[in-house]
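Heads up, the next two complexes both have chain A, just with different partners, chain B and then chain C.
Up next is the complex of A and B:
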């Protein structure tokens, strides 16, 4: 009798003592959820993304429609047709502010996300090639990258974008890209050229940091014993890169990408604010803020409306990035 | 050490040469420039006028020749050796490029410049009576401005703007150091305290808030709202007022007086200081936390030193070593000016000058500012490396 129940009792005790089996993803998710501000920011971002996606549905006006004579209408006033309402009023030339803000969300977010993804891809390519090959290639590439990182970025960014924007007709941009952007952002293909060019300009500086990060990971993984073991077992270079380098690089790259998004939001807004980014008929938060600046003495609420989303978005991206870093790589914590 | 310095100086010269060449090419290869502005204002420009303007701005010379003249002032004409001139017919440019219209099968037309028109070559002999050639950047002549102060030396513009930028940047630099370091130290010593959390949130705020929006908010609050309320308000832009004004509680302010200047300084300095403090205090905190974990700090405590001495003498000194980089690199930034802050507050400094130069295609001014920034950055890098060895004998230069 006792002999038959004893093993069962041991089983139960063992089951209680054993930790429940959790997947890696669960662990990461739980760690992320512990960061309250990051979770809250994720909701804010989700709301902004939703607004951006639903822009054509939730905005009563076309963002470029001008109601002549209805400049600077107060928030909540009725439009020319007597039916639709300008929730946030109208801007300097009578365009609906709320509609412009929602379409601008679409554009600003797309620019930031696309620029970040492209930077990460280029960074991974350059970093892993230069780190893996080493030698002269590595020395030349990394010296160049370090030099680019030393010089103040804003002056160069301003030169390049002012030249590019002045000569945008002369720059051949693949029509596939502009048409895709025009379709995605619901703007004219003619205006989409600027969007593509601004993304390219942001990427031209964005990949530098990512490539250094990737190179660091590659260099440290190269020295690990598991790489040596793998090579001793006869694995090819490609296999080592794919099965050891890339998986080890994913966590730091995701962290850097999520923290970098806020920088891209701010840089795009700054360029557009200074008039060297995406130009007027296409709404972005930056160029709306710059238009609002000229009239802020008469209409002080205008800069608040177009500036707040920039701040909110970049703050939310920063918090989410911080949460992702805590979740993926607790060692990286400052 | 001596060898190291020689090698570094040599490297610096190469880096500077390459970066100036790159930015010169970038600015000059792009179409546009002063001609676009002129042709859009003056409709009745004929080929002769265009050629004259091109010659005036040296746009008719080939890019390497132009770059060489800008950098060194050479070539200034044919080479004369013992009364004998050589290379007088050497072609260095083209007055009127030959334009060819290309018609594509789909009906598009495009004007392309192919070579030079007959007899319109610029030779070395033509360069002799060119009046505007700068004596060369390396001899300290930055050339003449194209647009901002037409035909006046760039150095005069720069010198007129420099004091304003230095005033703004130095005050905010000193304030940032005075405020940022103690904040960072306290939040490291009292890690996870309420103070620490406040500082961390402020750092997040600082890294997320765009400078231009924050600057606009300050104008909105302290200039516009306060003025409407009848409270003490601050002037929204520029460095000095044009005419006298009266501010509640402060009284009459004379235009151009020190009081006037200080009132104008408050907002831009606060913006710059806030962003510096947000970043720097976080930096000091991180490096202080690292140092506090070191063995020598534990030794100092074990010897029975009071905590204040441990923090101030043993920990802080070492924690500030990486901080050198930040402070030294803020010197080129101080000369370059804060482009966005100066633009929003309409501050007549170098940052706004640079922005105006780009907007009005005044490339000599833009190039001069870029060059100044590049030289200072390269020098700052060297100063940084040398300073490290001074403060931390463990680091050797090789």
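Up next is the complex of A and C:
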């Protein structure tokens, strides 16, 4: 057996043949592309995002239009006007299922992404301040965060959500936010209030893990000599946080965010499923599944169609998160 | 004129003390102090290299960092170029930092792994608003990198693409970019291969000549210190035990500890028979240093009263200071 046929840990010839200047980004991209499931998941997500963006173009019906009497139409049935086709049939009260699924994609994804982005921003703020200042501030903030993390989240989310949804008129939501959401999601500003509130509820717990992660990074970076070097150069705390702490936190934050997205998809679906999230007529995958489950045995098609995107999305976000983690981890040099 | 320049005392360290509190118990109360630096005084003259040697844990690194106010001193005074370093407000301190810089021991953790090295070198320029445009700053960075023997294109690369010696040069460039007067070199070569050590030391020497730099050179390797220093201070357990010119120290060491250290320097001659002074025991804990002279439990020449009274740090010969009861 010659050495040339043996698999080697490192292909030296290939390593030497590598071009001189390989940018960080290309190295990371190459590592990510090696992760087949993650790449496939990325395509799935891209398709879902595309559907969400193109919702008004590719859906033949208004997602809230009811064709009285045409409930539970089979997929492919012709609509009342005799022209448009219900690709996926109609739901329990005669609304086009395909149109509702595409608009729901827009809403569910927006809720998850917005909640995650807001969580990361709050997490970075709280985590870096707490970790950098240390001492009493750190102890108080982190004990608070830990306390909130020990509470089982779903039951608490349900309680908060039911309180909020019942009293949503009493809660002042900035009109800018609701108008923006209404514009983005193509829904009524009145219904958009709910979306904003649900996002806020999800964020109220979502930032906890992110802040702990950020604090961990800050604590480790704080002990590195380059932070001391910055102080010796005269850099302010703010500069050290902005130019050293946050860049070093970006990789773990991206990983945590992409893994966290699937959690938000599930939480939003769960809240809507239990009737305590975004309410009908605004379509989300969760409340569509909820409406369909009562007719599960007569019309198994409906819960299958509304459940699949939840399943696909959370799985895909998980795989992509895994792939990003493997690609960004500098200790993993293949 | 030249003589006068040589004797201008750029850095004066007076009775520097640094205790690190040790916290314990449920309430994290201070239960003891690590007496890292105890009553250390010396001066560094403009343009010279002052070597600070001692075993691990003797407080030599702490001295360097307290001088730069990277860690607060417990008491004492440091005067840098006429300014009392410990009593400066934030703005004056920032201005002062332009003039005093530090080079670290560990070339791996001293550079931000997520920052191209050019940006690391430019950080000080940004902090002090040197150079109006990024192009101007880039010029300074490139020039500085060239000074330490690196190439222009290195500026875009990340630390992990460099060897230890190269990274140490980047660390030097970062300190040098501000054109400081004084640089604390905190064991800058102890993490490097011997062949690379020489390169880095030579770069430091060249830069000293070119920019009239003053160094406080902290090290535990006497050969390195001998190579680069003009004057040398020897520390033991937080105290300065001997301080004199390099040649004087190597020719006529007065303190028994210095003598033991010098006898431990390896000589590349297998046939040479030497009398080595082997010290007994370990360095005592700085938590509870020995009474009297801190070196007495290990001293081969200890007298009776060494354990009771602390020796005074005095000038035994011209410009040769020592703290030992044996020396009169």
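The rule we apply is simple: the second predicted complex is superposed on the first by the 310 of 334 C-alpha atoms of A that agree within 3 Å, B and C clash if a C-alpha of one lies under 4 Å from a C-alpha of the other, contacts with A are read in each partner's own complex, and residues count from 1 in each chain.
Just so it is clear, contacts are C-beta pairs under 8 Å (C-beta built on N, C-alpha and C of every residue); 3 or more make two chains touch, one makes a residue touch a chain.
Worth saying up front: this structure is predicted, and the values here are computed from it rather than measured.
For the composite obtained by overlaying on chain A, chain B and chain C can both be accommodated side by side without a clash.
Between chain B and chain C, it is B that contacts the larger number of residues in chain A. Of the two partner chains, chain C is the only one that A:243 touches; chain B does not reach it. Looking at the shared chain after the overlay, A:33 reaches neither chain B nor chain C.
Applying the stated contact rule after C-alpha superposition, one finds that A:140 touches neither chain B nor chain C.
When the two structures are aligned on the shared chain, A:266 is found in touch with chain B, with no touch to chain C. Of all Cα pairs spanning chain B and chain C in the superposition, the closest are 7 Å apart. Within the complex formed with chain C, the residues of chain A that make contact are 24, 224-226, 228-236, 239, 243-244, 247-248, 250, 330. If you check the complex, the residues on chain A that touch chain B are 147, 150-152, 154-156, 158-160, 162-163, 166-167, 170, 262, 266, 269-270, 273-276, 289, 293, 296-297, 300, 303-304, 307, 310-311, 314-315, 317-319, 322, 334.
Put simply, chain B touches chain A in their complex at residues 15, 19, 23, 26-27, 30-32, 204-205, 207-213, 216-217, 219-220, 224-225, 282, 286, 332-333, 336, 339-340, 343-344, 354-355, 358-359, 366, 369-370, 373-374, 377, 381.
Touching chain A in their complex are the following residues of chain C: 65, 68, 70, 93-94, 97-98, 101-102, 104-106, 109-115, 120, 123-124, 127-128, 158, 160, 171, 174-175, 178.
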